[in-house]
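Shown below is the structure under consideration.
Chain lettering (A, B and C) follows the sequence in which the chains are written, and residue indices restart at 1 in each chain.
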Amino acid sequence: MKSIISFELYKIFRRPRTYIAFGAIAALIIVIQFGLKIDGKSYSDFLMKDINDTLTVDGNVLNGYLICYILLQLLLVHVPLLVALIAADMLSGEANLGTLRLLFSTPFTRTQWVLGKFIAASIYTIVLLIWLAFLALFVSMWVFGTDDLFLMKSNYVVLIEKNDVLWRYVGAFVFASFSLLTVTSLGFLMSSIANNSIGPIVGTMSAIVFFTILSTLNIPLFSIIKPYLFTTHMNNWKEFFDIQVNDNNEAITGSILNVAKIKTSLMVLSAHIVLFVSAAVLITKKKDILS
Amino acid sequence: MSVIQVNNVSKHFGSLKAVDGLSFEVQAGQVYGFLGQNGSGKSTTIRMLLSLIHPTSGSIEIFGHTIQSNRNKVLEEIGAIIERPDLYPYLSAKEHLQLFAKLRSKKITPATIEETLIKVGLQDRAKDKVQTFSLGMKQRLGIGIALLHNPSLIILDEPTNGLDPQGISDIRNLIQRLAKEEGKTILVSSHILSEIEQMASHILILHKGKKLAEGPIQTLLDPNKMIVHLKTTNDPQALQIILSGSFSNYLLKRQEGIYLSIPHFEIPLLNEFLVNAGVGLINVESKNSLEDYFLQLTSNTN
Amino acid sequence: MKKKYAIAILLFFCFQATHAQTDPLIEKVSQKLALVNDYVAEGTMKTNVSFIKASLGKVKVYFKKPNLLKIKKEGGISLLPKGGVSLTINSLLNTKQYIAIPMGVQPFKGKALNVVKLVPSDEKLDWVISTLWIDPSTALVYKTFTTTKDNGSYEITMEYGSYADLGLPSKIIFSFNTKDYKLPNGITLEFGDDDAAAKQNAMKNKKGTVEITYTNYIVNKGLSNSMF
């Protein structure tokens, strides 16, 4: 299994396509950081229009922590598409290339191949996430400095103390890795069905877009299925940035408002990963390699 | 000792019977030729041997183990190329060998990789990406990957595809050397019959998924029976004469020319028969080769 | 109506006078405040606005006569009522630009407090009218209610402890009116978040407070203007 993983990782990181995602993430983040560095004041003024009517906000609101949150909000919706580019190609790409028969005639079972390839794709996904974390969090912290996280949500504002933020990001990134691994496993499942590269990539992207729309529409009919859709849970990394308050309306440092929601989401996402990967294993095992 | 034993194996794709009740045996040290036209079921059979395709029925044993229960153990001892030499265009020849070396339990040293590159004549292009390779070079690299772990059974599906005459000759020599000097068992398929004829000790002829014939080349090509091509003063008339008499049993249905599979001692009688009927015999050309045998068999089936 | 007449008459007299008209009680308060030239106080600040979730923060409050005041949160973002913090008793009284009108006695937290209204005599000041609730025996101001020109009304209540002798409160509560807060989902990207929890936070209470509880004062040790 170890040899399959290193075999696959070598191929992933030798392919030019792999670096598209790294480049795209870097470009997006740098452009947004640049924009906020140059004209962040007007952006924060716009966000804080309602607040500034009543309160004077003193301090570095547009600090690295807030920038990272803004970046994650924007990027974690789109990174799944970049993950699909690699994950959905892991099996079908080899079938398309004709190399799948070379792999499946080596002394490893197909289950080992599918799992090994999934682990390799997962490592790629996590490396991509680490790259995103490095650029979005650490570069932002370096460029914009750090301060309390003044988070403007739709209906309320959360002010999280500076030294209470970093662990939340660690939690958020761990959560995001589950979200992205769900996409990886979905891409993998699609990949096990088809014999060409484009179909599963487009299929995975379409499925994400389709389910995201279902998850975001507040239509009662869809509310029944919503809790079971992985897209409903993928964005719940934000829960790490909501905080409990005590009876005096004081925020409790180090607390998370809705731990149960995070746990449920992690369970739903994990269940999807297991389901998708198991289905991919079963399909691949039964398949005749005709490519 | 039989290395491959195929028992009554069938593979159906929907209503299509790609392989139909096929049985054969390959002994250790044999160069076993697998013959058939495109679509005859050669590749399907080879893929079943490598567990790429699951048989609909029947059993396959390799090295005495069923492929289903001892897949990994069996595949450890097989080196194969299957149809086209499909490889990773973004990797070099050397990277391919290094990567596939990882997938073998046997330790494959860098020296072995260098030797393999020399063996398949790619030592000068070792660091070039495969996307710059010709079809022949890819085919040679594919063979290199198949030989890398020194397997005792080598399965080569159309190994000379895309090779120039020199390449074909090199591969033929390599196969013969592997069999004679290293005692490898080799299953080689081709539709280029002259190739097989020069390499194989045994052959199996597949047609429409069924076995037409199997055995040692010498036995199949009965020296007592010759395939002859007749040239006469009047071919259409000669054909009519042959069809009307007892020689019609020897006639091979061919589109052009008159071909007969005839015991050599009957050739003078045929000559006499034709002359008496008023047709002169200009030339009797012996066609006693595997190709003729193959064509004879398949034309009769058609 | 009677009140209005009273103010009008007083204002009339006021314009006759050349200097601010002071009330003896206000004078007493001013004298007490005059004991403090500057201070640095440490304390905790609590922001209590229905749409803001914030924890207690440590703050340092810097003051220098006549009306320089700065509240600094130690390494963090602070939320203060807009324009409100500058309206402390010091800044109200130290300007001396006002007319004081005694309005009688009112009970407040078990004390009988004298109510005095201040009307600025300088048009440039940003407040319009201020009401002070003063304990006549200690000359301590327990509550002020100030209406500003631009930023609405602020209520400031004070509690006193060990620094009462200097007229410095141990706790100060700024109360102010808040407006609605809402950001479109398109900006916050919180789509489909129809949680009950989020709905509960829809503001009903439009009143906000900022409380500062002082732990200690360092008084009259000198402060440079650059601090403010």
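Methods note: contacts are C-beta pairs under 8 Å (C-beta built on N, C-alpha and C of every residue); 3 or more make two chains touch, one makes a residue touch a chain.
Quick caveat: nothing in here was measured; it's all calculated off a predicted structure.
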Touching groups left behind when chain A is ignored (all other chains fixed): B | C
| item | value |
| --- | --- |
| Chain centroid nearest the full-protein CA centroid | A |
| Pair of chains whose C-beta contact count is the highest in the structure | A-C |
| Distance between chain centroids, defined by C-alpha means - chain A, chain B (Å) | 52 |
| Chain centre separation in whole Å, for chain C relative to chain B (CA means) | 99 |
| Rounded Å distance between chain A and chain C, as computed from the means of their C-alpha atoms | 47 |
| Contact set on chain C toward chain A in their complex | 46-57, 71-73, 75-83, 85, 176-185, 187-195, 197-199, 201-202, 208 |
| Chain A to chain C touching residues, read off their complex | 47, 50-61, 73-74, 77, 147-148, 150, 152-159, 161-162, 164, 215-218, 226, 232, 235, 238, 242-243, 245, 248-253, 257-258 |
| Residue ranges of chain A touching chain B (in the complex, touch as defined) | 3-4, 6-7, 10-11, 14-16, 97-99, 101-102, 104-109, 286, 288-290 |
| Residue ranges of chain B touching chain A (in the complex, touch as defined) | 47, 50-54, 71-76, 78, 80, 82-84, 86-91, 95, 99-100, 102-105, 145 |
